[in-house]
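Just below is one structure, and these are the notes that go with it.
All chains are identified by letter, namely A, B, C and D, in their written order; residue positions are counted from 1 within each chain.
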Amino acid sequence: MTRIAILGATGYTALELLKILARHPHVEVTALTTRQETRPHISEVHPALTGQYDLECEALTPAQVAERADIVFCALPHTASMDAVPQLLDADCKVIDLSADYRLNDPGVYEQWYGHVHTDPTRLNDTVYGLPELYADAIPSASLVANPGCYTSTSILGLAPLVNAGLIEPTGIIIDAKSGVSGAGRRPKLGTLYSECNESVTAYGIGTHRHTPEIEQVLTDVGGAEVQVAFNPHLMPMDRGILCTMYPRLKQESSVEELLAVMMDFYRNQPFVRVVDHIPATKHVAHTNFCDISVRLNRNQLVVFSATDNLIKGASGVAVQNLNLMLGVDSVTALI
Amino acid sequence: MTRIAILGATGYTALELLKILARHPHVEVTALTTRQETRPHISEVHPALTGQYDLECEALTPAQVAERADIVFCALPHTASMDAVPQLLDADCKVIDLSADYRLNDPGVYEQWYGHVHTDPTRLNDTVYGLPELYADAIPSASLVANPGCYTSTSILGLAPLVNAGLIEPTGIIIDAKSGVSGAGRRPKLGTLYSECNESVTAYGIGTHRHTPEIEQVLTDVGGAEVQVAFNPHLMPMDRGILCTMYPRLKQESSVEELLAVMMDFYRNQPFVRVVDHIPATKHVAHTNFCDISVRLNRNQLVVFSATDNLIKGASGVAVQNLNLMLGVDSVTALI
Amino acid sequence: MTRIAILGATGYTALELLKILARHPHVEVTALTTRQETRPHISEVHPALTGQYDLECEALTPAQVAERADIVFCALPHTASMDAVPQLLDADCKVIDLSADYRLNDPGVYEQWYGHVHTDPTRLNDTVYGLPELYADAIPSASLVANPGCYTSTSILGLAPLVNAGLIEPTGIIIDAKSGVSGAGRRPKLGTLYSECNESVTAYGIGTHRHTPEIEQVLTDVGGAEVQVAFNPHLMPMDRGILCTMYPRLKQESSVEELLAVMMDFYRNQPFVRVVDHIPATKHVAHTNFCDISVRLNRNQLVVFSATDNLIKGASGVAVQNLNLMLGVDSVTALI
Amino acid sequence: MTRIAILGATGYTALELLKILARHPHVEVTALTTRQETRPHISEVHPALTGQYDLECEALTPAQVAERADIVFCALPHTASMDAVPQLLDADCKVIDLSADYRLNDPGVYEQWYGHVHTDPTRLNDTVYGLPELYADAIPSASLVANPGCYTSTSILGLAPLVNAGLIEPTGIIIDAKSGVSGAGRRPKLGTLYSECNESVTAYGIGTHRHTPEIEQVLTDVGGAEVQVAFNPHLMPMDRGILCTMYPRLKQESSVEELLAVMMDFYRNQPFVRVVDHIPATKHVAHTNFCDISVRLNRNQLVVFSATDNLIKGASGVAVQNLNLMLGVDSVTALI
């Protein structure tokens, strides 16, 4: 059994990780951390886990974690992650980092979007970006995997086949993204109160959302030419799910059938991306690791749809998919 | 035009008050307070009010408020209210207090349930309880009206006709109350985050909810004999609305028709209580000042239903109903 | 008192009309129709209206309606409306038609999008399009007003100032529209069941939604040049509210401040359009007749936001706004 | 691999069954039925299942089903089930019936509550009631298992330990039950439209809900004395989940600790019933086969809580739990 630790066990990402790992036959969760000094039992923090783990959340140092675990999921806020990750790696742990700290290759871009100097910049180029549909070859041998953002992977999975095939203009791609509230985390804030979000739809972070450079970096890598997107996230009155409705410009006329064929070909052996004829709905992928994608033409305007569960395929599910690749086991283990 | 101030303008109760007062022909809102020193415009605090009021929320003292207003709605947290109210009254303002501070007659009961010594105990017996369906005679001349709690008025309006007619046992009344999340206020807390409340139903405050003694006090006053209830509040995944499903014991056999007739008679001239044949639903009263009540028999067990909008009939609507009585205008003014 | 009838009283549009008309001082509702033969009381059809109207829904002919009413709101399905309207007009009723039957000027366009031959084509050019912010001059004297679609007016109100000022390219305007479920009507369908819509976001009617030609017709009228839009509606898990996020191309560089100034100037004396600094949210306009609009720039891409309550400003509220113009009373009557 | 068929594959129960069976290592789904003649692919009926099953829904006779399957889940409406089940059993299939047809022992009680004469009455006494926490001994060898109703199992699991221990009065037990909308099925009805249920709470079926005799029958069997309940179901604005808040009368004073100890003892080796200290919330059990139970005392009134996911522990999950017992495999297979 591979020993697993989760740093930052009190959030929604950790909750979903623990639900998935409870049915994973090859791992054992051995350490959970929190910054609280009170050592709450994980069942108090997440009553949904009652009876499934007999573990306390402890204020452990990275060194203490490394003694107990072989692979560490790091579910810390950004900047906290780049403090802990170097120590874990030095202690020979492998790390799957769910924060944003190791996703961007360029420390200058990190500083520009996150407002912090990156304190571990030399490692950025050695990090593997944890989107298995694109980087499956590099993940098994990686010691540090940067797990993608939820909007990011949803957007990328829809656009990558078209960018890769050179069918769409790389710039001016409009992404209208719609997310459930759990993506905003579990820290109490006015904006994520039930009575503020329910029965309401609004946009936020227009032009400033931090998943923008991540989408651009990966799609540029996929297509060769520099990709530029206008990313427009919206908050939906639902727990979970992301639907990205994306409006790229076709380079030349194409049919829905041709475009779907390109997508199917691109994801031929991928168990978690489903190219569908119907328009994806977040409900069809909720509580699963699937990403459903499709396209439509609206009076010459290409419309690309991509739907995921933001906490599963957008965070904890893909993290376990990465774990499976690192363990060398079937990539669907614990994920169906 | 009567000049109106609202103390504590940043919460949901104040928002609903301001929406209602915007269509009130006899009043003008002249002052809004907050403890914040930044003087936010009311449109920043409540964007829904954009263009309707050109007022800032100011950190005013009660004396400053009294200079600008004739009648003050006090939407402060409990204990803050009993600091401000005496000063307002001394300055010849009339006060409609939406906190719990002046609802209970007995300062000992207040201390027992709220955990604070009452600092203005002598005024408790002079205060009028602001449930117009029961105390309409006393409200017009009152200088201090204690506006009822939301669960309280919903429960009382359903039970009062039966208690008054002596048809039910006064003790052992089970109240299973279901409320939307807005009743929990606008201060960010883990328990009222969207991702915690949505897709979930649970109970809270079993045996300790502070509306318990208030229900008992008023129903005891209505019926003469001491009423005792087991009050069990539940949180529902919706913005607003309370449904109280109440299980009193009938003293002797009775039919649904007879019981509805008693209710109709009791509320004969009340514009806001609707005795209905169907089972009330919170949606039917949402965004209104109506309280819908009905009864059913379930194998000899009496079931009494009462539904309100917790922010309107449960708080701000009934406050304006009280205001109308104090102003001597039609009690439905601004409320239909 | 002007006598009012509502044809098709069982739907959500009629319910909202009746709620608004209950506080209208200048009208009396005198007839309600349904195709059911059972003459249900309006309180059975809409329990929320209990006690507010003592009227049955009757299977009346247009001639019978005309005997009882001066102005008729026609809330029938499309095609049913163009059967009834000519008869009502011939009997000297004025009509506010909430269906789509008289919105399009060109019967060929109607046939293309609705799949039915228009049976009253000659009247199309005499009909006034009932968006008061654009056609207030023509409405007071109109005998037939075609009330706009909900997506339509939301989209148009956001774009009209920019189209009018020639600031955006008239073609290739992408509209990503998000609507609550009540827009889909009250007839039971699999797709609008709670368990299908809740916790889900999806798109529908891509390239085929019937509000497309209506948006194009009106904006073409506003700007002179032919407007062409790619309209992409999405279904949101909420009762009511539309947010249109719109992506037109700026003809030349402009700032958010300049664009907001153009919008404010365009709507200077309009009580129901609010040009706001913040990003509109449907919650801020829910249960009101307001339309909140704003703009942002996202890396050179203009983003226009427009939010309404689909049943109020998108249907019944604007219908009463039209009624007020026809009655010659203050246009905010019963709408604040 | 055991061959599995599902009769009535278009509903929510079948969808959840298929999701669970997709990760079951010992079975293969070989036939799905519908009354539609169009042979829709299961991915069209339930897009969430895209890529997981390559099966059409066929209008098969019970005999045709029996040729293809060893064990049949019967997810038909009541009365349809008692037509099909005898034929399946005669053809040597084992049957897990998710309808109500074989749950009640007495055909007279069935007729009284369901309004139909039972056409297969002699089999009622040979049927095993499929609540494994109570009848695990009989299930492995059963050829026909009557899967419990969702409200039923939730209510029973909370009350059974107290009834069994003789701690509560068997009559006059008030059950205030709160259910998500998916319990009402997938057939379009006005009452389950999103716009009717959302932002609303109401009660229904007071005194007439068909799960009443089922609860009484099982608890009577558990406790020996005749149990009588007042069952009061409520509809909540959420997809899934049931919370039963139950108010039995204690025979003699007891503490929360004592009562919890009795519950823990009763469910000592049950993997799916969790006796918890906190008040259960439906969110904690959503999408799981767990039932969380607890108790509180509210001024001498005992309050028992029980929460399940109505589609999993309340239907399809417990059906697979029964399947596992019939297969002789670990009872948590495919259910964690």
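Rule of thumb we're sticking to: contacts are C-beta pairs under 8 Å (C-beta built on N, C-alpha and C of every residue); 3 or more make two chains touch, one makes a residue touch a chain.
Just so it is clear, the structure is predicted and the values come from calculations on it, not from any experiment.
Asker: Could you find the chain whose CA centre sits the greatest distance from that of chain D?
Answerer: The chain lying farthest from chain D is C.
Asker: I want to compare two interfaces, A-C and A-D. Which one has more contacting C-beta pairs?
Answerer: The greater number of contacts lies at A-C.
Asker: Measuring from the mean C-alpha position of chain A to the mean C-alpha position of chain D, what distance in angstrom results?
Answerer: Here the centre of chain D sits 36 Å away from the centre of chain A.
Asker: Please report how many Å separate the Cα centroid of chain A from that of chain C, as a whole number.
Answerer: Using C-alpha averages as centres, the distance is 40 Å.
Asker: Which residues does chain A have that touch at least 2 chains other than itself?
Answerer: 180, 196, 198-199, 237-239, 281, 283-284
Asker: Which part of chain A faces chain D closely enough to touch in the complex?
Answerer: By the definition above, chain A touches chain D via 22-23, 47-48, 50-51, 199, 274, 276, 278, 281, 283-285, 287-288, 290, 292, 336.
Asker: Under the stated contact criterion, what part of chain D meets chain B in this complex?
Answerer: It is residues 172, 174, 176, 178, 180, 196, 198-204, 206-207, 228, 230-232, 234, 236-241, 243, 245, 247, 279-284, 286, 296-301, 303, 305, 307 of chain D that touch chain B.
Asker: Touching chain D in the complex: which residues of chain C?
Answerer: The touching residues are 12, 180-182, 184, 186, 188-190, 192-199, 237-239.
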